[in-house]
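Heads up, the next two complexes both have chain A, just with different partners, chain B and then chain C.
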Partner chain A sequence: MRDRSLQASYELKERTRQRVWRKVILPWLFVAPLLLLNVVVILGPSAGSAYYAFTKWSGIGPAQWVGLANFRRLAGDRVYHMAFVNNVKWTLIFLTVPVTMGLLGSALLAPIKKGQMFFRIAYFVPYVIASVVNTQIWRNILHPTRGIGVMLAERGLKFMDVTFLGSRGTVLYTIAFVDMWHWWGFLVVLYLAAMQAINPQLYEAARIEGATRGQEFRYVTLPGILPTLVFTVLMTIIWSFLVFDYIYLLTQGGPAHASEVLSTELFKSAFFRFEVGYAAAIGVSMSFICTLVVAGFVILRRRGWEI
Partner chain B sequence: MTVSSLLKRRRGRTASLLPNYVVLTLLVLFSLLPICTLLFNSLKTTAESRLNPLGLPLRGIRWQNYPTAWVQGHYSTTVRNSGIITLGTVAGVLLVAGLASYSMVILDLPGADGLVFYLLVGSSMPAQLFMVPLFFLWNKLGLTDNLLGMIIIYSATMSPFATFLLRSYMVAIPEDFKDAARIDGASEGQIFRHVIVPIIWPGFLTAGLVAGLGAWNEFLFAVTFLHREEVKPVSTSLYAFVDRYSTDWGLTSAASVLMILPVIVIFLCLQRQFIEGLTQGGLKI
Partner chain C sequence: MDPKRMSRRHFVASCAAMATGLVAAACAPKVVEKIVKETVEVEKIIKEVVKETIIVEGTPQIVEKEVTRVVKEVVEVLAKPEKAVISFWVEAPSTERREVINEVYRDTFNAAHPNIELELTFTEDVDRVLRTAMQAGAGPDIVTTPGAGFILEYIIAGHVAPLDELAEHYGWRDRLLPWAYESGVVGGHLYSLPLTYESMVVFYNKTLFEAKGWGIPTNREELDDLIRACVADDINPFEYTNSGWKPATEHLIGMFYDHYAGADNVYKALIGEKKWTDDEFVEAMALMNDWFQKGYYSGSIDKYHALTGDDTWSAVANGQGAMQMSGTWCFQSIGPFFEESGQEWDWFPMPSLRKGVKPVYALATGQTESINAKSMHQLEAGAALDWLYNNKRRALQISSSFNFGEWMVPLNYTADDFPVGTDPRVVRFFVDFAKVTGRGDYGYTTWTFWPAKTEVFLWEEYDMVLAGEMTPAEYQARAQELFDEEVAEGKVPPVPERF
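Take a look at the complex of A and B:
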């Protein structure tokens, strides 16, 4: 009798153990590589940044705790201010021009059956080309002595003789133009997919009501793609504060910091000037902005927005 | 409605789409003409690229730029490096993300919601935040100037999106399939190989393409972590090459074309998966 109950309790234990293994341990073992990679590469070093931001460190030897000194320096630094303002300008440009072009392109493309695939591919090609090559293409086209500006000036458009990447007034907008050239087609494809997911009966109803094309766009298309639109707006803000490639590749932030942004300033202070603590403080300030946007994203999702 | 009136309406609609076609064609030129100038320049002599920097090569086609760029740009080394990094990243991402998504969907991972939230937050951490300490950590571990070091970094940064993408494919697997396999006595590994993989391999293809493209094109981590010539990938080596031979457009353009050629070819062959992966997976985390 006692043996049997012992046996039963043993079996129960064994079964529970197996259940725990199957339901808890095994699933977590499967996600362990993902978590491990994430902690080692992203989370750990991010926490490291949060620490080094309060220190003075050259990358070798011990870091020296300096409290808020780095952040105080940021607040008073002229280059940091210029970079921040450039990031804000960049954000405003990218929130308007490529989004408008993307909407225009996708709205024009949506009713087209013949050749839609061709247009989609053509607009998408610049997006899959490496930033190193795209910047090289435009550096040639915008070359100050043999580029398109000179050619147009020779043909009578005198005002086009501009050193697009060399003068402080135009450099930021020129780089933004190049970046947008490779980016807007991606938005076309994205918005097009969202438009095609709209219930066609809504369009039929609008047509029966006698809606014009403009009204159709305003009252059917736009509400239909709103989640996608809001999502791209949020991502645009984040990416605009992180932009690096196109600026570093074209001008490295020059001339005279005219195209400096936070990430190029961070890169230079960490790897050219070895002010690692200061660079970490810039990184923390950039993440703070991103966190605000992500928080907005989460709040909108909680409120039932499908983004 | 009679047939003729239907036809008329049809013709009316096509005609009214003419302005669409005009604007869309102009936009195609805007997208592709700059790339054409690169192709044209890659086939010109230096002298001609100076006189005629944007147009078609008119004085004969100079194919010689390509082998010269291949040799002087050390492409046999850099293509090998980029190839290793790209394939390693694709393998790493698919393995890690495949296991994780499998656990979330098929094994009903307890606490999956928390993991999703963590990954969402983690994948929106800017590279600039963790890059600097990561560099010094990697330096200490001997992983800078090291292809494996790059593969680990790319696998970490790209596996969250791939996990979400694969998860959305796995959710679509009917429950009966798994149960049937389990009743037949298949182990988790067998179920994964023989039931899950065949159904979601388009997802794997899509995720792999996106990860591979990202690894091949990536610049910021590559320029930070790889300095020695023997380990440089195509992207940073091309950047230095363009700088060194900035006056020789024929050569630098040919070198650029060499870098984008495999991408364009694969993109044109698998454009549906590419576009789907980049628009849904890459963005809609």
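Take a look at the complex of A and C:
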């Protein structure tokens, strides 16, 4: 009797041990490498940046705690304001033009059965070309003395004689155009994939009900790709506030801050002016904006929006 | 179980082992220097007292006598020290130039110093890589920075060692150009030596000038006449751009400060005896703005912001532009544009832009070299540094691979020092520079003598003056505010006194 009780107790212990191993320890072991990587590569530097945002630090030597001084300076910094406005403009451009073009392109491409792969690849190729190469190509196309503008002006379109990357009025839109040139094809491929996942019977039903192509798009396609659409909108907003490469490669934020964005101003503060503490404050403000956007989406989802 | 498949348990165990290994490796102490002992047989002279029987007056007597003899002994000694390895990170030039630097500098040094091994690492963007390494308490033995403003930050943080004893030992003060030596002295101690020196001149298309019958301007009136002649012939007087390198605008700002406001006034402002808001400086910036607004630079302000450096050199080489105010680093790149166009280039010193202001050559250093305060081999690093400066012929041999546009260490050269076949236009500059600056006629460049924040403001915000968003007076007033802040923080690089 006592032996049986001991046996049962041993089995219970063993089962508990195995359950703890399987349910608690093992999952942690699996995520541990990634977690460690995240702590070292993401969480650590993020915490460091957040700390340095409250310091005066040249990037060399010890940092001096200054409290909210960097943030107070941000509030009155004319260049920061110009950069912020440019980021907002950039976001609005990217939320409208490439998204609309992507939707249009994918909607037109979706019914095509023959040669669709060719178009998919053709749209996608600019996306996989390095930004350094893309910017060099467009720098030549938009060249002020031998580029497309001069050629068109010589053929009668005088208004095209514009120094696209040198004029304050055109520079931000020109860079956005170059960036969109490589970006919108990616959206086409993304939306196309989402459209192809929609049940074809829904289209058949719509056609039987006499729906036009426009109505099919409005009542079948759009609701079908809504999660993808919302995801791209969310990412577009976040990426628009982090944009750096195309602007830095083409104009470094000039002329006269006309294409300055928060990330280029951050870079100059850290690496030219030795104001790493102030640069960290700019970085924190950028993260704050992105967090607000993500929080907005989370709230909408909780309120029942199907996004 | 399939022997080729790994069980979950094995997989987890392997992951844990790998993670443990990584953590252990990361936590392992850094081996700084290996102490090696070895046993050797040595001969030792020992003294011994021996008893000897001698006969004294027929009677044998035992006496003690000291004798020396050689014995062999096995002892443990420190092995001969390993070679001191000196690391030196250098901004990466082209492959051919790297080969010259390796061959003429590294290999000759290593051959002459059997106990030291100099290791050169060519790195893109060396400044940013170095900043991270230095902040982490590491970094190479020899520390390269892009200029005087940058090295000041390292000095303030205590990352670089004073070089006074090395300077005395090697006689650097006597060997280097005095102003170049002084540019590395902070708080009475030498911390850095310039790797290269340069100045600003006016390059021009000689073929075009000869064809048009234009002479070299020597004063403001002649320069104005020349500009008018260029405009009349639909030729851009100057070509320049800041599209590829935004700080390029400061090259012009320095020229206008030195040649309109005057180098004496610039010096006074740098040491706080004058204000940047004084009329001379405001007028200098207004004149520069006026020339831009008239399209004297690259045809228009928009084009100044959009053309590439190659475009502007091509324009001068093809006669679409007449001149380019630029730095002597262009000696290394100007040639191919003129070879392609079949025309000839030359240079002249910038004339004075205002009566009573002396024409000068602006002083400028490129990269600086220092010794890491944490280096285990500071003496050896000093020897490696000295190897750059202790032989004019070797220095010029390296610099000749850059056509004397980079790695031009600031020594007192004469025409005879330059290798046979050196471009006479280049020799003419360095000889004239030594002569003119030697009599005290020198000006200042913003990237060598201005503190970082004010310097960045100057080149970045001048765009706002060009755009009409800021007046020259407002621009100078803001520059003064920033300058005052940096003076208070002790961030102004050393300025050579005038004599």
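Keep in mind that, in the parts below, the second predicted complex is superposed on the first by the 269 of 307 C-alpha atoms of A that agree within 3 Å, B and C clash if a C-alpha of one lies under 4 Å from a C-alpha of the other, contacts with A are read in each partner's own complex, and residues count from 1 in each chain.
Operating definition for what follows: a contact is a pair of C-beta atoms (placed from the backbone, for glycine too) under 8 Å apart; a residue touches a chain by one contact, two chains touch by 3 or more.
On a predicted model such as this, the values are computed, not experimentally measured, just so you know.
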Overlay on chain A: chain C relative to chain B, clash or fit:
clash
Once the structures are superposed on A, label A:Gln252 by its partner contacts, choosing first (chain B), second (chain C), both or neither.
second
For A:Gly59, select first, second, both or neither according to whether it touches chain B, chain C, the two together, or no partner.
both
Dominant contact partner of chain A by residue count, chain C or chain B
B
When the two structures are overlaid on chain A, which partner does A:Gln136 contact: first (chain B), second (chain C), both, or neither?
first
Is A:Val284 contacted by the first partner chain B, the second partner chain C, both or neither?
first
Which of chain B and chain C A:Leu165 touches, first, second, both or neither:
second
So, A:Gly105: does it touch chain B (first), chain C (second), both, or neither?
first
Quick one: is A:Leu26 in contact with chain B, with chain C, with both, or with neither? Answer first, second, both or neither.
both
Once chain A of both complexes is superposed, is A:Pro144 in touch with chain B (first), chain C (second), both, or neither?
second
In the overlaid three-chain picture, which partner chain does A:Phe271 touch, first (chain B) or second (chain C), both, or neither?
both
Where does chain B run into chain C after the fit on chain A, at 60-68, 78-86, 222-230 or 276-284?
222-230
Identify the overlap between the chain B-contacting and the chain C-contacting residues of chain A.
26, 30, 33, 59, 139, 143, 271
Hey, which residues of chain C end up touching chain A in the complex?
12, 15-16, 19, 128, 131, 134-135, 153-154, 156-159, 242-243, 246, 300-308, 311, 452-453, 456, 460, 463-464, 466-467, 469
Give the list of chain A residues in touch with chain B in this complex.
23-24, 26-28, 30-31, 33-35, 37-38, 40-46, 48-49, 52, 59, 104-105, 108-109, 111-112, 115, 119-133, 136-141, 143, 146-148, 151, 181, 185-186, 189-190, 193, 231-232, 235, 238, 241-242, 244-245, 248-249, 262-263, 266-267, 270-271, 276, 279-280, 282-284, 286-287, 290, 294
List of chain A residues in touch with chain C within their complex
26, 29-30, 32-33, 36, 58-62, 139, 143-145, 163-168, 251-257, 268, 271-275
Of all residues in chain B, those that touch chain A in their complex:
17, 20-21, 23-24, 27-28, 30-32, 34-35, 37-38, 41, 50, 53-54, 95-97, 99-100, 102-104, 107-110, 115, 118-122, 124-137, 152-153, 155-157, 159-160, 163, 188, 213, 216-217, 219-220, 223-224, 235-236, 238-239, 242, 249, 252-253, 256, 259-260, 263-264, 267-268, 271, 274-275, 278-279, 283-284
